[in-house]
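In the two complexes below, chain A is the common chain; its partner is chain B in one and chain C in the other.
Moving on to the complex of A and B:
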């Protein structure tokens, strides 16, 4: 048996940078790689773990160059690549960004940094179901992280709610650990990649509960069952389960952006143009926080564009002046 | 077998060049132990990356050396204590996956005596005069967990009245059942021997401080 070891990150060397990137997911890390290759002193501030939500994906099969790789491993490769090129990292939570005349002050719980430009790659957080019992049973059978909590449900019965890639991937992962997996989806079609849905259909311990919504999570000291309503027949059934994993999409982490005066769309995603510029000069955004297709490769591409735009803003090269 | 790539080794070596005071790693294993071999391998690897004399390793048998274990406050195994002077932090179970980072960072903090916490948190932690225990349940695949472990461990470094344990939930199923752990990180707060509250998730330091203040009164 091989035991993998992951390291956190040490503190940053300075307090003043050319570019500060908030968020260490694929968008932030790619932006960091592009920025240091253009000689920008760059710091990435991540609040949890390098790789962002990528680290939570059990298996990735659509990132070019890797036929199949775990999210954790890909996140580590991203981090390593950026670190070797000279991107600095710190694990801190940003509490406030203040724009002054020529720069930005970025405050965390512990420190205050300065930068000439900022890239917001703050990603997204799990959307909640908003049904009775959900809040009450968080950590008692309600989970939003299959890679974290799956071991507690070995040989048990679980439900997964959602129809996107994360839900289907998590269902595959959990079907290898749990005795029975219900995949509950409000439609009869999936947004997830068909190749994964087809594979999931072959698993004998996975039951699809389609056109259905979870109305309530019930239990005593922990989750015991869920009430599931079929939208077509109107019928409600109680399904006995030990745990429920909620994968119904993400909501953007755009509070910091909003407090900085960055314009958001009606769903709370940061509005950007094709250069990843926001309405605030010197502030760029990339990745899931800008909406659109929430995929690693898309986030990485946006991170590259944002970094080049930030470089042009900071250094004013001849081609940017022509624009 | 543990996996530690050459870049990470170099990185730890560089970080460990900052070590000042020696840190003692005291490990307790035994016969009935799934990961004792791997834990020892991790600890010895970490020791080998530190300058001579900066990490001192001791290995003990929990069953055969009960008295010593008790004197260190160890009540089960596998257990690892990191100790520098009067400061101690505990790991129950394997510190693999994301928790390896907690181990390395704890060693640096203990040795350099530099604990990064908000001054308000330090002020509150220093004043605590009741016996406080924080048990942080984790799984090695949980990226959020080290944040909770490190916060608890840093508090324990501020005041020896606070004791903080990382507990690898899967290796201690009875304890996990007792505290109904089915989501991690989950932190159990015990004050003067009484379990008073629990919190799920890696909560930011100011929220954690509020939670402690609410539950620990003079």
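Moving on to the complex of A and C:
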């Protein structure tokens, strides 16, 4: 077992770990839970807030076991769970990961840590429109995830922005739940599969607003309307809505991975196999940074799998891990 | 949307569904949660008890969000969560699934149901020793999952039975947590990877008990000892232990799948891709019946993914799903 070196760091008690997990969202925290239950000395380094982006969600009703819970509360439960089992946490930003012969050096602005294996659970961020009202109304009518939030807009009027597969599929889904759906796309052609676009055109409660961009999201305590500009005519219209889904892409937080030589897919997500191994021995990835269905329970499961794989790597003799 | 036909069935209110999920464990219930949130009329058919085998677990501390919970309680939370969102449940045994041109007929002993898509979440069962005391002491010292239960035996004496990869890996893991580990195997050769066996031989607190079988598990309120017979000498010894891990294999409940033409792997687990699709269009699988890490959170995640995939299948025009 690892001997802890107490070097007077205020946060974590040691600088040398078996496993360091980067990112304190559901993937990272679940990886931590599984790792400490296997007696690995484990540190989670999170940049901003424990729970990751989950902490920002106003209401969750699809994490099994909790009928309805705020993101902040669920994030806190995850964090407490891992902490009580013995996972160490620190809030720092990792600036660099260096692989040496048989370990990893993880540098933050303040400290340098060592680990035998690393799990990257750095998440992703939603691409934003960057218009007035967008930030202000997040969780108050502005959403970036139809799978998460659509049922909260049952029988209401919503807009969805985007032209890719996710936007078109989500528009179909929203049209079955909401009374009216505006699909706003800056071009007149879609990147989505033709079959889904055709299907969507048949839905009587879907209105296509093409060659158009959202210029502003307006409301009081909640979203009330959007200003939409037609790029061809230059005309701007105000459309009354109860919610707006922004589906213009996910940006994986994979810069650290890339600089470590971890292979990414064409969209920048980390490539993993079913054991959550990356192409770099000793480096695992889990959660939204690997793509797939961006859901809390999926991220958590990937974290569990990554931890078990990392454990096996750490406990094998050094020479057996060479490849 | 599906029109419910009320045919006077006492349990579920309709016999025609968008989606039928077979199995009411974490995978099936989570699939249900995701399906009803997408407005699919959804029925879960469970053979014995809601929650599946989870309901039998005495203590769980690795499902993120619940620091420590009994299996019964967690199973009940899952069940309630899905029920409140509108998933229908029935306790019946499915005897046959028939795929017709564009739907599935699901026969139970009592009823016949129809669905546009099916998720198989039928789980697996632990292969048992079949010796006196085994059933009696489940959860009281007898365990079938080291990943789940090892930490409950910290600094205690345990036995592990088996000779495959799982048994040998689990023995390594147990040796780091427990004070003493007896590895009992009926042969003198292991099917496990040589490297892991070699590594295990170096552990000073691991004792190999080869060519031997467990004949009885003894105790009072908890396991106290086992009777172990050496097959070569015929001699029987009593070994004092606090717990015994039985690692002699998982048997997937995949008979229904097989008769439906679903492809299985060499061990009988259902083959799925990353979208949880089987080789039969409209048939998905999730949870322990697909193999992989047999953990609640992993099963739940697979259920979520299967439901989203099934949803897309159900909502596409019929001709587009032909392949």
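As a convention for this text, the second predicted complex is superposed on the first by the 189 of 323 C-alpha atoms of A that agree within 3 Å, B and C clash if a C-alpha of one lies under 4 Å from a C-alpha of the other, contacts with A are read in each partner's own complex, and residues count from 1 in each chain.
Methods note: a contact is a pair of C-beta atoms (placed from the backbone, for glycine too) under 8 Å apart; a residue touches a chain by one contact, two chains touch by 3 or more.
These figures come from a predicted structure and were not determined experimentally.
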> So, does A:221 touch the first partner chain B, the second partner chain C, both, or neither?
Replying inline: first
TODO: Using the touch definition from the top, say if A:56 reaches chain B (first), chain C (second), both or neither.
DONE: first
Between chain B (first) and chain C (second), which does A:261 come into contact with in this model arrangement: first, second, both, or neither? neither
Exercise. Which of the two partners, first being chain B and second being chain C, lies in contact with A:93: first, second, both, or neither?
Worked result: first
Field: First, second, both or neither for A:132, with chain B first and chain C second
entry: neither
Counting only touches as set out at the top, which of chain B and chain C does A:80 meet: first, second, both, neither? both
Classify the contacts of A:48 with the two partner chains as first (chain B alone), second (chain C alone), both, or neither.
first
Which superposed partner A:147 touches (first chain B, second chain C, both, neither): both
In this superposition, the partner of chain A with more touched residues, chain B or chain C, is C
Residue overlap on chain A between the chain B interface and the chain C interface 1, 80, 84, 147, 150-151
Given the complex, residues on chain C that touch chain A span 1, 26, 29-30, 33-34, 37-39, 61-67, 74, 77-78, 80-82, 84-85, 147, 150-151, 169, 172-173, 176-177, 195-196, 199, 274, 292-293, 295, 297-298, 300-302, 304-305, 308, 311-312, 315-317, 320
Within the complex, chain B is touched by chain A residues 1-8, 10-11, 48-49, 51, 55-56, 72, 80, 84, 91, 93, 109-110, 138-143, 145, 147-153, 221-222, 243
Chain B residues touching chain A in their complex are 1-4, 7-8, 11-12, 15, 38, 41-42, 94, 96-98, 100-102, 104-105, 116, 118, 139, 141-147, 169-170, 176, 180-184, 186, 200-202, 204-206
